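For reference, chains read A, B, C and D in written order, and residue numbers begin at 1 within each chain.
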Amino acid sequence: MAYVVKVDNKEFKVDIERSGNSFIVFLDGEKTNVEVTHEEGSQLMLIIGNRSYAIAMEADDQIVVNGETYSVEVVDEEIQRFLKASPDKLQKKELAIKGVMPGLVIEVNVEEGDTVKKEDGLLIVEAMKMQNEMKAPRDGVVKKVLIKKGQTVNSGDTLVIIT
Amino acid sequence: MAYVVKVDNKEFKVDIERSGNSFIVFLDGEKTNVEVTHEEGSQLMLIIGNRSYAIAMEADDQIVVNGETYSVEVVDEEIQRFLKASPDKLQKKELAIKGVMPGLVIEVNVEEGDTVKKEDGLLIVEAMKMQNEMKAPRDGVVKKVLIKKGQTVNSGDTLVIIT
Amino acid sequence: MFRKILVANRGEIAVRVLRACREMNINSATVYSDADRDALHTRYAGEVYYLGPAPATESYLKIEKIIEIAKQSQAEAIHPGYGFLAENTEFARACEENGIVFVGPNSRAIELLGDKIASKETMSQAGIPVIPGSEGAVEEEDMAYRVVEEIGFPVLIKAAGGGGGKGMRVVRDRKNLAGSMKQAMNEARSAFGNPTIFIEKFLESPRHIEFQILADNHGNVVHLGERECSVQRRHQKLIEESPSVIMTPELRNHMGEAAVKAVTVSKYNNAGTVEFMVDKDKNYYFLEMNTRLQVEHPVTELITGIDIVKEQLRIASGEVLSLKQSDITMNGAAIECRISAEDPEKNFAPSTGKIAELVEPGGIGVRVDSGIHKGFEVPIYYDPLIAKLLVWAPTRKGAIVRMTRALAEYNIRGIKTSIPFHLLVMEHPKFVEGDYDTTFIDKVLGKIEYKKSNYEVAAISSVVSKILSSERARTPAMKKGASVSPWKLTGRQAMMRKR
Amino acid sequence: MFRKILVANRGEIAVRVLRACREMNINSATVYSDADRDALHTRYAGEVYYLGPAPATESYLKIEKIIEIAKQSQAEAIHPGYGFLAENTEFARACEENGIVFVGPNSRAIELLGDKIASKETMSQAGIPVIPGSEGAVEEEDMAYRVVEEIGFPVLIKAAGGGGGKGMRVVRDRKNLAGSMKQAMNEARSAFGNPTIFIEKFLESPRHIEFQILADNHGNVVHLGERECSVQRRHQKLIEESPSVIMTPELRNHMGEAAVKAVTVSKYNNAGTVEFMVDKDKNYYFLEMNTRLQVEHPVTELITGIDIVKEQLRIASGEVLSLKQSDITMNGAAIECRISAEDPEKNFAPSTGKIAELVEPGGIGVRVDSGIHKGFEVPIYYDPLIAKLLVWAPTRKGAIVRMTRALAEYNIRGIKTSIPFHLLVMEHPKFVEGDYDTTFIDKVLGKIEYKKSNYEVAAISSVVSKILSSERARTPAMKKGASVSPWKLTGRQAMMRKR
């Protein structure tokens, strides 16, 4: 099975085959053996070649390798081809703005029906006495506001939906 | 709901009522509040009265309280009454001899159909260079031998069944 | 010694004090808010008492409620930790009035040293060097202009009422003076309820060096040497070490004596810290005194072998200091890294959430003072400090490599922490050489670039993780080695005998 | 210094050595068996190499395979840890022949000191006190009778070839001598392939005191003071401490000099330990020399501040010892408790299985050298030692209360450990007074009764656990806060900015 993986904007082609607890991997054509020695939740221990790595998947699109955090995007090679053929398929979808940290909502700047531009401030969340603004990742219309001022939100909660 | 609990051969009557994450408990008639502050697998953190306790259930019939291990037996009060009325109901049941530690079976002394007496040696398991003998907990007949010499067994595996 | 102590704090410092209680065979009690029902300090204390809702104003800052709990639990003394009520005159006084020993200085000393203007004047009069500046508060523009004429630019405007960078302004020329003054006064008013400000010479690249002191109730005072705390970000200390690379035995004697004098003239008792600014020519100036246990006190414990919290409790119970200045020796080198729930790759944004995995470093020369456990939900309501990692080694160089090794072992998942930042500092040539001051993070470290060397591994692991995760989704229930219910109706008899 | 080292061991000692490598910036490699695929040392090393099936004879004892891996990984040196091949002459020689540095003594010294008769003779000739007994091997009954006539009963029959209590017999009267001799010879033959025995005076209640030494390849030797290891069960050390309560500066000097002499006359190099028996009148006798890193070496590290593993690596790389005897000072008190996977309530039966929970103690004065992690399946194939807990404090009394505190913090679930036993010893008046010897566990501690004070809590908790567990059984899948799949097809853009 082949995947295209984007790691911090570097692109890799990963061709992978399973055998038991091991995988045979071709990374951009080069062969490596990968052994899964431990699996617990989103945490893995792998032996790749002669090295051992502590892996953790975090917050949707992040992976931690021996303490270093990378943003990653794994796309099935076939889907990748399809996406490249029609690049705006994805843009038009509903977009859920999710909390990336728990906190108290201290300001909500949009209402349902508002038109927002990329980088417009949507709401402000406070935690540990620091304030953080959630911004629109692209232009759109606010379809739904799921939180209120004064409410406590968790990491991963959907706060606002933009279409 | 009322239970009879035997802790290392001391008997307690525990009358318990739930309200959310808390329980109201009458222990031999005395009232206490119990709050469950953490639950993970068989591990619990409880606040009982003004004290906090680390609890772990282990190996079927053992509980660890702040590092101290107790053997416990919890019986529904009604079942208890039933059992007391017909005390030999339980003795006649099939009895599964289970491994209490992982190890290598280095000797099997019984075959199916053998008659065994209480304290007769059934088999020997070795771990960490030490040998341990599993003995018959009561008189009976060997109904099934589920392991072979040379086999590795885990804690909790049924090794022999006695009727 | 006390029979029971109430620890009126949370997190790592509450655990620190509770550990001292256990080792001294003192019964302990602590308090917890709704957010801390399952906190480490709640797990650790002998007795636990519910305080109130999560916000500190409704729990850890409630003086009356805490005094009430102390009485209810029959605690004879309260240890306030740091933060919250530790430097609150009103709280210290409430303890005094209720016949409960406050483990800290007397309320008058807290009051005096909490007022930056009054304390500076006290020190100056005692002959302790202070930073040149206004004599007392500056109320009008005219006065400010007179002061800057005397001491020259740049100057620093400071609030009399508090710290933490609030109400502070650096002014480099005449035209910005009046405006900055007004801003500072406004900020000070809203932060501390007190608009009073004063002006002093701004030291360009000072080092922050502080002396730990111990003073009993009978007038005996010793110092335990210095800690260098110049690795700061927005006036928040991040890394502390001892000894300071710039220290000489002579300078240590001079500054130590000044620290002891500062304690004596302010009629201070219990543990405390005298903070100094030191300029490039090793001139030192009294900055302020912290009237409590410091976050970084373990640095000194590693160097001197003295348990500062135990000393605090002994002093509070009326014992005479058993230590003389000549008994105190400094041995080797110690470093502390503050592990905070902040994302250094996102400009230190708070990062709260559930601790999904926690593996602390260990082995030779490593000390961890932690306030969290696996499964704990780091609350949004309190300070982001979750743990302190310390190392000791015979030499500073040895301590730095050991800290690097220990930081790499530290595995905290579920939240982001300051660990990558600390790794960067430990490998920075300027830090390794000891050539740094309080401007290090902003000016020298500059834009922080986190080194990454595992792109290929990240790519491979992502795919492996995706495959395993989608397999799990397909077979949710049955797992190999699924644990059998720990419950059976009847107990089994012991069937094993040792041969 | 070496560029790369192979650590040919497992568990806590492999991790200990790997930590030293990291701190010295030496690349590391290690080996693992099938049972150790996910072991801590496998996680920790820079490179990992598969050895073979779980049984030690098919993995950690395979000399050829290990030499091959050393070459393959281009390691310049092999650290053997303790146990396995650490005192194997053949292995040391194989390293020497293959141009790989063996981090330990030369093979001749291992050979000499491995032979109890030859080493005793060497020491005796050098004027080091040895226990009175036969001169050399005792082959016939007549010879045995002659020896006992000279030294008197009780006597101890010992095997020349090995230790660990095998081939040992105490004989208290003439009528049992011949029979015991035969038994001992048979046991020695089957255990070590060598039936040779010798006889010495049996000391009734000796203390076991050993000296840590360091010897470079250039003839320089220092000792790092003593460790008292009298808390033993069946000749296995369980608790070690330094300094020994019976030690005086004079005795330390004498014994230390004897230890240094023992090293010199046996042409020993690298780290080693000279073991002595000390009787009630403080007469000391050479017992044997351990030609490797000891399990309990961290006790000495805590007291002296010296990193013994780093010294081993420096010595092995040919460096001259940087320490002189006068540089070495002993500071405070340290204790080690060996945490083993054994059930002290079932006569120390092995207790292997999966580590379901692991919380290690921390805070002031605590050091943990662990070989396990949460989720690790403790294998049935190797030594039951899973971790070492050490404390340091200024005084022995302080160290004992600290150890009690730390043991209480240690939470290992899924297997039984020796922790309850250690807690009992720390609170035993005889241990607290320091009034103990090698008979302490068998004779003084007697039948071990574990204190229990939480019957009521156990009763309540059992019921609560039963209720929660049956609720879980009813609603298996849906859990509050169930984690969302970490996978989405497209990445999200960062939507957060710090204000």
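Operating definition for what follows: contacts are C-beta pairs under 8 Å (C-beta built on N, C-alpha and C of every residue); 3 or more make two chains touch, one makes a residue touch a chain.
In this text, all values refer to a predicted model and were calculated from it rather than measured experimentally.
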Co-neighbours of chain C and chain B - touch as defined: D
Chain whose Cα centroid lies at the greatest distance from that of chain C: B
Chain A and chain C, separation of their C-alpha mean positions in angstrom: 34
Inter-chain centre distance, chain A versus chain D - centres from mean C-alpha coordinates, in Å: 47
Where chain B touches two or more other chains at once, by residue number: 41-42, 54, 57-58, 72, 74, 101, 130, 132
Contacts with 2+ other chains: residues of chain C: 349, 408, 465-466, 469, 486-487, 496, 498
Complex interface listing, chain A residues touching chain C: 1, 3, 5, 7-8, 10, 12, 14, 16, 18, 23, 25, 27, 32, 34, 36, 39, 41-44, 46, 48, 53-58, 63-70, 72, 74, 101-104, 126-128, 130, 132, 152, 154-155
Footprint of chain B on chain D - complex, ascending: 341-342, 345, 349-353, 356-357, 380-384, 408, 411, 413-414, 416, 419-420, 423, 450-469
Residue numbers on chain D that touch chain A, as the complex places them: 29, 37-38, 42-49, 73, 375, 483-484, 486-493, 495-499
Parts of chain B lying in touch with chain C, wherever the complex brings them together: 6, 35, 37-38, 40-42, 45, 47, 50-52, 54, 57-61, 71-75, 79, 90, 97-98, 100-101, 124, 130-138, 156
In the complex, chain C residues that touch chain D: 15-16, 19-20, 22-25, 298, 301, 305-307, 331-332, 346-349, 354, 359-360, 362-370, 373-374, 394, 398, 401-402, 404-405, 408, 465-466, 469-470, 473, 476-477, 481, 485-487, 494, 496, 498
